[in-house]
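In the part that follows, the structures are each spelled out as structure tokens.
In what follows, subunit A forms one complex with subunit B and a second complex with subunit C.
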Partner chain A sequence: MLLSVNGVSLAYGAAQALFDVSLKVEEGEVVTLLGANGAGKSSILKTVVGMYHPFAGTIEFNGQRIEALPTDRIVPMGLALVPEDRGVFPGLTVFENLQMGTVSWRRRGMKIDADLDKVFALFPRLKERQNQLAWSLSGGEQQMLATARGIMSRPKLLMLDEPSIGLAPLLVSQVFKTISEIQKTGTSILLVEQNARMALNVATRAYVLETGKIALEGSPKELLQNEKVKNAYLGA
Partner chain B sequence: MRFMRSYLWYLIGLVALLVLPQVVSSPYIMFLLNMAIIFVILALGLNVVFGMTGMLNLASLAFSGIGAYTSGILAVKLGLPFPLALIGAVVVAMLFGLMVGLPTIRIGGHYLAFMTIAFGEIMRLIFQNWTPVTGGALGLSGIKYASIGPLVLKTHWSYYHLSLTLLVIMVYVANRIRVSKLGRAFEAVRGSEVAARALGINTYYHKVLAFVLGAAFGGVAGTLYAFLMRYVDPGTFTFEESARVLTMVMVGGRGSIPGVIIGAFLLTFLPEWLRFLKDYYMAMYGLGILLIVLFLPGGVISLWDKVRSRFAAGRRAPAAQTSAGKR
Partner chain C sequence: MGSLVQIAVNGLAQGSIYALMALAIVVIYNTTETFNFAQGEFVLLAAYVSASLMGIMPWYLAMLVAVAVIALFGATVFQRVAYWPLRNSTFEFVIVSTLGVSLFLRNMAKIVWGAIARPYPEYFGGVWRVAGVSIVKQHVLILAMTGGLILLFYLFMMKTTVGAMMRATAQNKQAATLMGVKVSRMVALTYFFAALLGSVAGILVAPIFFLTIDMGMATMTKGFAATIVGGFGSIPGAIVGGLLLGLVEAFATAFISPVYKDAYTFVTLLAILVFLPRGIFGERIAEKV
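Take a look at the complex of A and B:
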């Protein structure tokens, strides 16, 4: 078991955002988390990576309890979050952005060439633009950069928060193709998406979140046939 | 290549600043040049805090005040020479930076800006009222001429070489910060705090560190000021002057070290150049700044980027806007 979230409840002040949420990610899986705006999808990712701390429940990563640890202790264990707004660093070049991905493990004198080759193989575009400042990239390229930067941190589990948001349809399918390719390199993925159909196509397992609670769980096949999912998320 | 080019520009600037005192005959202009350098150092400090890391510090002058009083007191009461007073001032300014930074930065955002205003006012009142230590409203007097070994710097001309030396050091330090791992982390925190945290960067630590480093620049600037005036007046370290330092950073080009240097020089001398306007000069000064901020949001330095990209576009295909050049 790579990640297991057990009965996690989270509150922002007086407002409770997550109710007794349990989910797990096995090694090699692509797990997708579906749900409407405000259902608590991003909250789960941010709680897992230690930006928020639950008031109840436990989170285990690779056999270690992490729910009380700060983010800068969790990330070096092999967890990476690519946040919702991509959060590229506009004042740094593409290359420098990628360098920032390595701060969790890189010590003085360590080479990053192999890591760079890996992300440039996934995203050849970034190689061309490596000396360009990140603000000058297009939305699709910024998503590539944010994902690549996450991979640079050598994660065992890569968490992607709505990677397809705001992208043109052609780029969206590109994003999901990349997700499958990342999975092939041995990195597990926890994917939060609004684009349910695409997400279910690449996922090995899926959860549906409704107002802070896990409402459904199953294989993509099951969920694609589920009437409720069809009506609410697939627009059929 | 990129660094060679930027160092070339710094070298040209340095040569110009070295030649300048040979042609200046007015002690007042020499005094202003010294003041301009002090403001450049202050603005470089604010650039680390605000330009790179994105925290609005409106108490630049409070830190230079701490530097000025510390070095002044060390010189007057303990008889320490300039270099030791400078070190003492930098250390004390950094300690204050840490003391203010630790609790306020956790709050963050606009609150931080308000907290720094409050801190600035508190420091001003302390300077003004802690008479046994600071000399109170009368100020701290009796600072001897700065001396480096046997060299006593009595004129604004000789003092200028000390200012310039410290300027070169501080520009170098600012550049080192910018291109180091630390500077990238600062820039990352400014760009997206969530993303920086998600990569395992301790953003709180980096913000406090940026604040403390910024305070160190204030300590250097304050010491230069105390020994230039040989008198420290509590009325100097006001919010208005802190706002002026912020304007220097904005007008020059937030985040750009050459830009900030240009901004500080420009805003030190602009009021002098506008003096012929008599009563209207402050209005013109304000209007000028307004126009720059409106039409050049990237500061005066962005003008250079525009010219260069147009020039490049004319020669080659209007390809990618590579601001960084080839590695």
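Take a look at the complex of A and C:
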């Protein structure tokens, strides 16, 4: 088991956002987490990566308890979050942004060329723009950069928070193609999406979150056929 | 003509001290989004500590030790006491806290070294005569040292991975944390630089002024003015703003009157606020370093 979230409850001050949430990701999986706006999807990812700490429940990553650890201890264990707002460093070049992705594992004198080749193969566009400052990139390119930076951290589990948000339809299908390619390199993925149909197409397993609680769990096939999912998330 | 050059060198030397202070203020602001009102006390401490050490070691060693000790003090005890406990509160709490530490340090200095102003040993005294112009040696040393220090700082920030980590932290703290960057280390490093810049300013200005308990506060105030003149948040702005203030002060003192020395800074500040409200370099958040 790579990631296992067990009965996690989270509150922002007095407002509870997550209620007894349990989910898991096995090695090699692409797990997708679906849910309406405000359901608590981002809260789950942020809690896993240690930006918030649950008041109940445990989180295990690669056999280690992490729910009480700070982010800078969790990330080096092989967990990366590409946040919803992408979080690229606007005044750093594309190259420097990618370099920041290696901070969690790189020691003095270590080379990052092979890692760079890997992300440039996925995103040739970034190679062309290596020396450009990140603020000058388009929205789609910034998403590529954020994802590439996540991969540079050599994660065992890459968590993507709505990578297709705000992108033109053509770019959206490219995002999902990339997700399949990342999976093939042996990285597990936890994918939060509003674009349920596309997400279910690439996923090996899925969860549906409703107002902070897990409402459904199953294979993409099962969920694509579920009446409730069809009505609420597939617009059928 | 000769005297114009002299005035300009004098102004640039003074201005480069303001630039060091302005740079420290901006670096702290970029990392922590707040101010360190005890920045001037690094100047004060470096001047007094090095003066005391000169009794037992050669002047250059005394300065080196003083600067090293104060830079480490800034990165550790100072930062942990004055800033770290308040890192999650709003910025005015940190202002009050650093003001408190500033008062404490000044009073400690008063107890240890006394309230009476005293001269600093002239370690690099004298004048050079070049083509009929007399140049104060200390001014040349100030320009060389600040120029070198600023260049090293620039290279560190722009060419090293740790420098890029500091810039990343300044631009997006949350994203930096997600990279595994330890923000506490970046804060310590930031305060190390602030204290280093302040203490170098201290040993450089000390021979020009008398040592007084207020020398730090006075220098910091000019540093603040320089950051606003240059465009708040901008590093090139801090440097240009400092140099400009130094020049204005030197020329106005020479041609108008030395009595209103400090007023010239504030007239310049007002003029900038009226005509260039965002300062010379204006802030472009996206390129904040």
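Following the convention adopted for this analysis, the second predicted complex is superposed on the first by the 236 of 236 C-alpha atoms of A that agree within 3 Å, B and C clash if a C-alpha of one lies under 4 Å from a C-alpha of the other, contacts with A are read in each partner's own complex, and residues count from 1 in each chain.
Here is the rule we use: a residue touches a chain if its C-beta (ideal position, glycine included) is under 8 Å from a C-beta of that chain, and two chains touch if they have at least 3 such contacts.
Since we're looking at a predicted model, the values are computed, not measured.
Undergrad: Looking at the superposed three-chain arrangement on subunit A, would you call subunit B and subunit C a clash or a fit?
TA: These partners clash in the superposed model.
Undergrad: Of the two partner chains, subunit B (first) and subunit C (second), which one does A:130 touch, if any: first, second, both, or neither?
TA: First partner only, subunit B.
Undergrad: Just checking: does A:81 make contact with subunit B only, subunit C only, both, or neither of them? Give me first, second, both or neither.
TA: both
Undergrad: On subunit A, which partner's contacts cover more residues, subunit B's or subunit C's?
TA: B
Undergrad: Of the two partner chains, subunit B (first) and subunit C (second), which one does A:49 touch, if any: first, second, both, or neither?
TA: Both partners, subunit B and subunit C.
Undergrad: Contact-wise, after the overlay, does A:89 reach subunit B, subunit C, both or neither (first, second, both, neither)?
TA: A:89: touches subunit B and subunit C.
Undergrad: Looking at the overlay, does A:72 come into contact with subunit B only (first), subunit C only (second), both, or neither?
TA: A:72: touches subunit B and subunit C.
Undergrad: Looking at A:103, would you say it contacts subunit B, subunit C, both, or neither? Reply first, second, both or neither.
TA: A:103 contacts both subunit B and subunit C.
Undergrad: Go through the superposed model and pick first if A:10 touches only subunit B, second if only subunit C, both, or neither.
TA: neither
Undergrad: Residues on subunit A in contact with subunit B in one complex and with subunit C in the other?
TA: On subunit A, the residues that contact subunit B in one structure and subunit C in the other are 49, 51, 71-72, 75-76, 80-81, 83, 87-92, 96, 99-101, 103-104, 133, 149, 153.
Undergrad: Under the definition above, what is the set of subunit C residues touching subunit A in their complex?
TA: The contact residues of subunit C facing subunit A are 161, 164-165, 167-168, 171-172, 174-183, 285-289.
Undergrad: Can you tell me which positions in subunit A touch subunit C when the two form their complex?
TA: 49, 51, 71-72, 75-76, 80-81, 83, 87-92, 96, 99-101, 103-104, 106, 133, 135, 149, 153
Undergrad: If you look only at subunit B, which of its residues touch subunit A in the complex?
TA: The touching residues are 52, 181, 184-185, 187-188, 190-192, 194-202, 255, 320-327.
Undergrad: In the complex of these two chains, what residues of subunit A are touching subunit B?
TA: Subunit A reaches subunit B through residues 49, 51, 70-72, 74-76, 80-83, 85-93, 95-96, 99-101, 103-104, 129-134, 136, 146, 149-150, 153.
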